[in-house]
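Here chain A shows up in two complexes: once beside chain B, once beside chain C.
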Partner chain A sequence: MLAQILLLGVTMGAAYALIAVGYTMVYGIIELINFAHGEIYMYGAFMCLALTIASTPYQAAGAALFAGALAWVVAFDRVLERSGSKPLAHGCGLAAALALGLAVYGGCLARIPFPVSFLLAVGLAAMLGVAIEIVAYRPLRDSPRLTALITAIGVSLVLQNLAQVIWSAENHTFRKYDAHPSLFLRQNMPEGTSFWQTLTEGHYLQGGPLSMSLLQAFILVTAFALMLGLHLLVTRTKLGMAMRACAQDQVAARLMGIDVNRVISITFAIGSALGAVAGILVGLYRDEIKPTMGYQAGVFAFSAAVLGGIGNIPGAMVGGLVLGVAQSLAIYWELSEWSTGIAYLVMISVIILRPAGLMGAQLPRKS
Partner chain B sequence: MTQRKGKAARGSSGAWRAPWGWLAFVAAAACLPLTGNSYLLGVGIYALLFSILAMGLNIMTGFCGLLDLGYVGFYGIGAYAAAVVMNTHELSFWVALPLAAALGALWGTMLGAPTLRLTGDYFAIVTFGFSELVILITRNWTSVTKGARGFPDIHKPVLFGYEFVRFNPTAFYFLALALFSLTVFVMLRLESSRLGRAWFAIREDEIAAEACGINLRGYKTLGFAIAAAFGAMGGAFYASFSGTLHWSAFTFSESVLILCMVVMGGLGSIPGVVLGSCLLVVMQEGLRPQNLAAALAPLGVPASAIPGELRWIVYGALLILMMRWRPAGLWPQKNVAAEFAEEADTAQ
Partner chain C sequence: MISSRTVLVFLVGLLLSTGCGGPPTGPAPDAGVGGGTGGGSAAAGAIVLGVAGPMTGDLAQVGKMMERGAKMRVDEVNARGGIGGRKVELEVGDDTGNPKEASTVAQKFASNPAVMAVVGHYNSSCSLAGKPIYKEAGLVEFSSGSTNPTVCEGSDWTFRNIYRDDFQGQMLARYAKQHMGAARVAVFYDNDDYGIGLKTAFEEEAKKIALEVVAAQSYERDTVDFRPQLSTFMAKRPDIILVSGLFSQAAKIASQARESGLAVPLLGGDGVFSDEYIKNAGAAAENTYVSTPFLFELGGERARAWHGEFKKAFGTEPDAWAVLAYDAAALLLQGVEKGGATRKAVRDYIAAIDSKEKAFAGLGGATYFDKNGDCLKPVHMALVKGGKFVPAPKQMN
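This part shows the complex of A and B:
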C-alpha cells in the first residue's frame, strides 16, 4: 500500500517537476516569478482537450481567436526583429493569425487524433509563453521588479478568467465527450472505453507489490525523458550555453554576440512547452480539466522550485519529486485535507530557513 | 532631476497642516445616508472598508516598496478572531475590535521578523503562502472556526444600548466612516513622521537607507505589523457587518483586488489609494453580470452574452495597463512619480 502511494507521489512529483522547471528557468534568466506559468499549464490541457473532442462552435471560435492572437504577436515580433519594417511585420502577423486561427477552428470542430493534438497544444502553449513575454514582460525589463511582478499577476488573472469565458468553469474530462477514436489504444475495446480507462484499467505493469498503470508509466517516462533532454540541452549545446550566459550577465552576453531577446523567448517557449506537457498528462491522469487547475498546480510547482533552489534546473526536478512524495505521504497518514498545506509549509520554511534551497549553493541576490 | 526629488522629499515631510480636503471628504461622505438608499449605503460601506484595507496594504507596498501578496490573511485572522471573541467568549464588539487588531499585529511581527530580511520576491511568496495557510486553517480547524461551512450568526455591535442591524445599514455606515477617519488620520501622521520617512528611504534605496543608520529589518517589521493591524481591524468590522464568515471571502483573489486598488490609485499615495478603492468597488458593482445586463439591455445585448468572469479580466487588464503606462497610479505620490520618471529617463 505504502509503495503504491509512493508511486502515486512520484507520478505527481514528476508532473510538478515539469512545471517547476518552467518557473526556475524564467527566474534564472530574468529574475521574475512568472505567475502566469500555471495558466500556461492549464491552457496546454484545454487546447489538447479542445482539439481532441468535438467542441461547440463557440468554444472552437474562442480557441481559434486566442490562437490567432498568439500567432500575430509572435510572428510580428520575429519579423520586426529581422526586417525592421512594421507594416511587413503586421502583414505577416495577420497572415499567421488567419492561418493558425482557421487551423485551430477546423481542428476543434473536426477532432484531431490525440498524438497530433497533443503536439499542437504543446506548440500553442509555447507560443503563449513567448507572447506573454513579448507583450507584458519585455517592456518592463528595466522597471522596478515590483512592476513586473504585479504585471505577472495581472496576466495570470486575465488568462484564467478568459479560459472560464471560453470553456466555462465546469470540470471537463476526456472521457465525458465524444473524443477522437485515437484516444483508444486498441480498436477492439468496448464502446465508450477511453484512453484513460485503457491506460488506467486495461493494462497494468506488475512488479512485486507494485502495479503501475500504463498511463502512470507513460507520465513517468515522458517526464524523465523531457527532463533529461532539457538537462542535456542546457549543459551540452550552444543554445544552452547562451541561456546560461544570459542568466549570468545579460550585458556581457550581448557583447559576446548573443541575441538576448531571442534566448529569453526560447527560454519561455521551452518552459511553457514542458508546463503544457504536464498539464495534458495530469489532465488525463486526474481526468479533470478546469480553468482553475493552473492556480494550484502553479503553487505546488513553485514550491518545488523554491525547495530545489530557484534558478537551479536539477533542483527543480528534485524539488518536484520530493514535494510529490511528501504529499502522497500526507494522504497515506490520512491527513489529506492538509496535503495542500504541505506545499505552503515547505515553501515558507525553506524560504525562511534555507533560502538557497536544497540544491542551491548561492544565496539569492539582495536587492 | 535631483532638485525635483529634493523638493518632493521636503513636501512629504512638512509640518502638520489641517487636512481640509479630508475633512471635506468625510463631511460629504457623512451626507450619503440622507439619500435613504440602502443599496447605495451598502456600496458605501464596502468602499470605506476596502479603503481601510488598501491604506493598510499601502504601508507595505506603497511606503516600503515590498509586495505583500497575502494581505487578506490578516483580514481573515481579524475577522475570525473577532467572531470567536464575540460569539464564543461573549465579549462586546468594542473589545473584539482592538483585540483583533492586536492579534493581527502579533502575526505580522511573527511572520515579518524572519522573512523581511529576504529579497522582495521571497517576501511576496511567503506572504502568499501564509494567506493560503490561513484559509486552510479556517477550513479545517472546525472546533474554533466552525470549518468549511462558515461561521454563522456573529453578534452585532451594541453602542449605549443601541444594537446595530444589518437591514438598516446607516449605523454600520457611520461605524465604517469612523474607522475610515481613524485610519486616514493615522496614515497621514505616519506619512509625515520619522517612521514614514524611514520607510520612504527604504523604498528608494535600501543600501543608502542602511548607510544612514536605518535599521531595515526593524522598520520593515514595524510597517508590516501596523499594516497587519489595520487589515485585522477591517476584518473585525467585516465579521460583525456581514454576520457570517466563510473562507471563500479570504482567497488570493481578494488580496489581488486590494493590491489592484493600491496600484490603480497610486503606490504610496493616501488619497490615491482611497480613490482607487472607491473606483474599484463602484466598478465591481457595475460589472456584476445582472447590473451589466440591465445596463446593456437597451442596446440589444442579450444577458446570456455577458460572461460572469468579466470583472476579473478587467482587473487583470488594469494591473497590466497601469504598470505599463502609468505605474505611479492615477493620483500619484510626488516621490513615486519622480522615481518612475527617473527610471524611464535612465531606461532611455
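This part shows the complex of A and C:
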C-alpha cells in the first residue's frame, strides 16, 4: 500500500515539477517570479478542452479572439525586431491574428482529436507566455523588482477573470461530454466508451502490489521525458548555453552576440509549454478544469521551485517530487486534512536549514 | 546571503498574492450573493418569501430544485388570487453553499421588511451561519435540507421539515449491517457540519451493532483527487464505502474507486441524493445506496400528479429537494394566510403545529415540530440502477 501511495505522490509530484520548472527558468533568467505562470497552466487545459470537446459559439469566439490577440502581439514583436518597419509589423501581426483566430474558431466548433488539440493547446500556451513577457514584463525589465512582481500578480488576475468570462466559473471536465474519439487505444474497449474512460478505466499496468491507469503512466512518462529533454537542452545545446549566459550576465551575453530578447522569449515559451502540458494532464487526471485551478497549482509549484532552490532547474524537479510525495504520505498517515499543510511544513523546514533550497547552492549566481 | 533574502522577498510576494488572488477554494468571488430573480425591490404591498440555497457553484443543482419547488407553490397561491388580495413574490438568495455567503444572504433577507419567512438554507453549515441573524431579526428560517442535529437548537426562529443526522446516521449504519451484509466500512467525510455530524452518528451506531469502521478520511470541499485515500482503504479490505458528504465529491470518489479497482458498493447520506451524482459519476454510480427524505415511487398518487405538473412547468424532473422546498413554502404561506402577515405571526403559527393531530400534510409526509423546531420523518433508501435512482428493494422500517 505504501508503494502505491508513493506512486500516486510521484505522479502528482511530477506534474508539480513540470509547473515548477516554468517558475524557476523565468526566475533564473530575469529574476522575476512569474505569478501568471499558474494561469498559463490553466489556459493550456482550457484550450485543449475547448478544441477537443464541443464548444458553444460564444466560447469558440472567446478562445479565437484570445488566441488571435496573442498571435498579433507575438508576430508584431518578432517582425518589428527583425525588420524595424512598423507598417510591415502591423500587417504581419494582423494577418497572423486573423489566421490563428479563424483556425481556433473552426477547431473549437469542429472538435479536433485529442492528440492534435493537445499539441495545439501547448503551442498556444507557449505563445501566451511569450506575449505576457512582451506586453507586461519587458517594459519593466529595468524597474525595481517589486514593480514587476506586482505586475505579475495583476496579469494573473486579469487572465483568471478573462477565463471566467469566456468559460464561466463552473467546473469543466473532459468526461461530461462525449469526447471526440481519440486516434489511439480504442481496440480493447467496448463500443461507446468515452475517451476519458479509455484513459482511466480501460488499461491497467500491474506490477506486484502496484497498479496504475494508462493516464497515470502517461503523466509519469511525459513529465520525466520532458524534464530530461529540458535538462539536455539547457546543458548540451548552444541555445542552452545562451540561456545560461543570459542568466549569468545579460550585458556580457549581449556583447557575445546573443540576442537576449530572443533567448528570454524562448525561455518563456518553453516554461509555458511545460506548464500547459501539466495543466492538460492534471485536468484529465483530476477530471476538473476551472478558471481558479491555476492559482492553487501555481502557489504549490512555486513552493516546489523555492524548495528546490529557485533558479535551479533540477532543483525544481526534485522540489515538485518532494512536495507530491509529502502530500500523499500525509494521507497514508490518515492526516488528509493536513496534507497541504504538511507539504508546506516540509518546504519551510528545508528553507530554514538550507535558505537557498535543496539544490540552490549549485547555481552560479549574479552578485 | 542574497539568496535567503531573495526567498524572503518572494515569500512576502506569495502572501500578497494570497491576499489578492481570491479565495483558493469555492467558486469565483463574483458568483457571490444576491444573484437570481426577485431583486431587492418588492412590488408595493406584495408578500415576499425568501428562498436561500446554493444557486451557483458545485451544488447549484440542489439550489435550482429548491427555487423551483418554492416557485411552484408561490405560483399556485398567486393563481388563486394571492393572500388576502396581495401578490406573493419569491426572492432568491444565493449562498453558494458557503457559510460566509450565507450570513450575507441572511442579512439581506433580514433587512427587507417585506420578507415574511425564508425557505433555506440547504447546507447545514449555512443554516447554522444564518441562524443567529434570523433570530436577531425575528424571521423564520425554515430549512428543507439541513440535517445536522444542532441546526434548530437555541433559536425559536429556526425550523426544518427533514430528519436529523443522528437519526439518519443510525439508519445508515443499520442498513449497512442488516441489508448490505457489511461487516467492515471505510468512511469518507466532508470536513463540515453535515459531514462530521453524519459520520459521528454513523460511527456511534456502528459501535453498538458490531459494524467495524476500518478507516475514516476527511476531505475539504475543493478536494478532487481521492486516489491516495482510496489506496489506503484498499489495504483495509472494506465491504462498503460510506460517503458522508455531498454528491459533487461523492461522484469523484465513485469514479476514482472504480478506476483504482475498488469494486465495493457505496453508501451515502442524503447529500449524495441528486441526479447530478449519476450524471458526473456515470457507470461508476451503479450500486450506490443512499438515504433520502423522499421518493416519488413511495409518495403516493398526489406526489405523482405533482411530479407531472412540475415537469410541465420547468421541463425537468423534480427531486426530493424540490418536494421539501415546495412543502416548506406551502407551510410558510399557510402561516401568512392563517396566522397573519407579520414575521411573528408566521412563527407562532408554525410553532403551534406541535402534535400529530395538528400535523401539516405535505407531499413529503406529515410534518409537526418539537420544541426545538425539529421534526420526525422516515428515512428511505434509494439505489442507483440503470443510470437512475430507484427505491432500494429493502427499506428500513
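Here, the second predicted complex is superposed on the first by the 340 of 367 C-alpha atoms of A that agree within 3 Å, B and C clash if a C-alpha of one lies under 4 Å from a C-alpha of the other, contacts with A are read in each partner's own complex, and residues count from 1 in each chain.
The definition used in the following text is that a contact is a pair of C-beta atoms (placed from the backbone, for glycine too) under 8 Å apart; a residue touches a chain by one contact, two chains touch by 3 or more.
The structure presented is a predicted model; accordingly, all values stated were derived computationally and were not measured.
Asker: Of the partners chain B and chain C, which touch A:153 in the superposed model: first, second, both, neither?
Answerer: both
Asker: In the superposed arrangement, which partner chain does A:171 touch: chain B (first), chain C (second), both, or neither?
Answerer: second
Asker: Please work out whether A:331 is in contact with chain B alone, chain C alone, both, or neither, and reply first, second, both or neither.
Answerer: So A:331 only meets chain C here.
Asker: Go through the superposed model and pick first if A:143 touches only chain B, second if only chain C, both, or neither.
Answerer: First partner only, chain B.
Asker: For A:341 in the superposed arrangement: first (chain B), second (chain C), both or neither?
Answerer: first
Asker: Is A:213 touching the first partner chain B, the second partner chain C, both, or neither of them?
Answerer: A:213 sits against chain C, while chain B stays out of touch.
Asker: Where does A:351 make contact in the superposed view: on chain B (first), on chain C (second), on both, or on neither?
Answerer: Both partners, chain B and chain C.
Asker: Is A:224 in contact with chain B, with chain C, with both, or with neither (first, second, both, neither)?
Answerer: Touch partners of A:224: none, neither chain B nor chain C.
Asker: Hey, what residues of chain A end up touching chain B and chain C alike?
Answerer: Chain A residues touching both partners: 33, 145, 149-150, 153, 156-157, 160, 164, 169, 295, 299, 302-303, 306, 337, 351, 355, 365, 367.
Asker: Under the definition above, what is the set of chain A residues touching chain B in their complex?
Answerer: Chain A residues touching chain B: 31, 33, 136, 139-140, 142-151, 153-162, 164-165, 169, 295, 299, 302-303, 306, 337-338, 340-341, 344-345, 347-348, 351-352, 355, 364-367.
Asker: Using the touch rule from the top, collect the residues of chain C that touch chain A in their complex.
Answerer: Interface residues on the chain C side: 2-4, 6-7, 9-11, 13-14, 16-18, 20-22, 24, 27-28, 30-31, 56-58, 191, 215-220, 222, 224-225, 227-229, 231-232, 234-235, 252, 255, 258-261, 279-280, 282-283.
Asker: Spell out the residues on chain A that touch chain C in their complex, using ranges where they run on.
Answerer: Interface residues on chain A, with respect to chain C: 1, 4-5, 8-9, 12, 33, 35, 145, 149-150, 153, 156-157, 160, 164, 169-171, 173, 175-176, 197, 200-201, 204, 211, 213, 285-288, 291-292, 295-296, 299, 302-303, 306, 310, 327-328, 331-332, 334, 336-337, 351, 355-357, 360, 365, 367.
Asker: Give every residue of chain B touching chain A within the complex, in rising order.
Answerer: The touching residues are 61, 65, 67, 69, 114-115, 118-122, 124-126, 129-130, 132-133, 136, 139-140, 206, 252-253, 256, 259, 263, 267, 307-310, 312-313, 315-320, 323-324, 327, 340, 343, 346-347.
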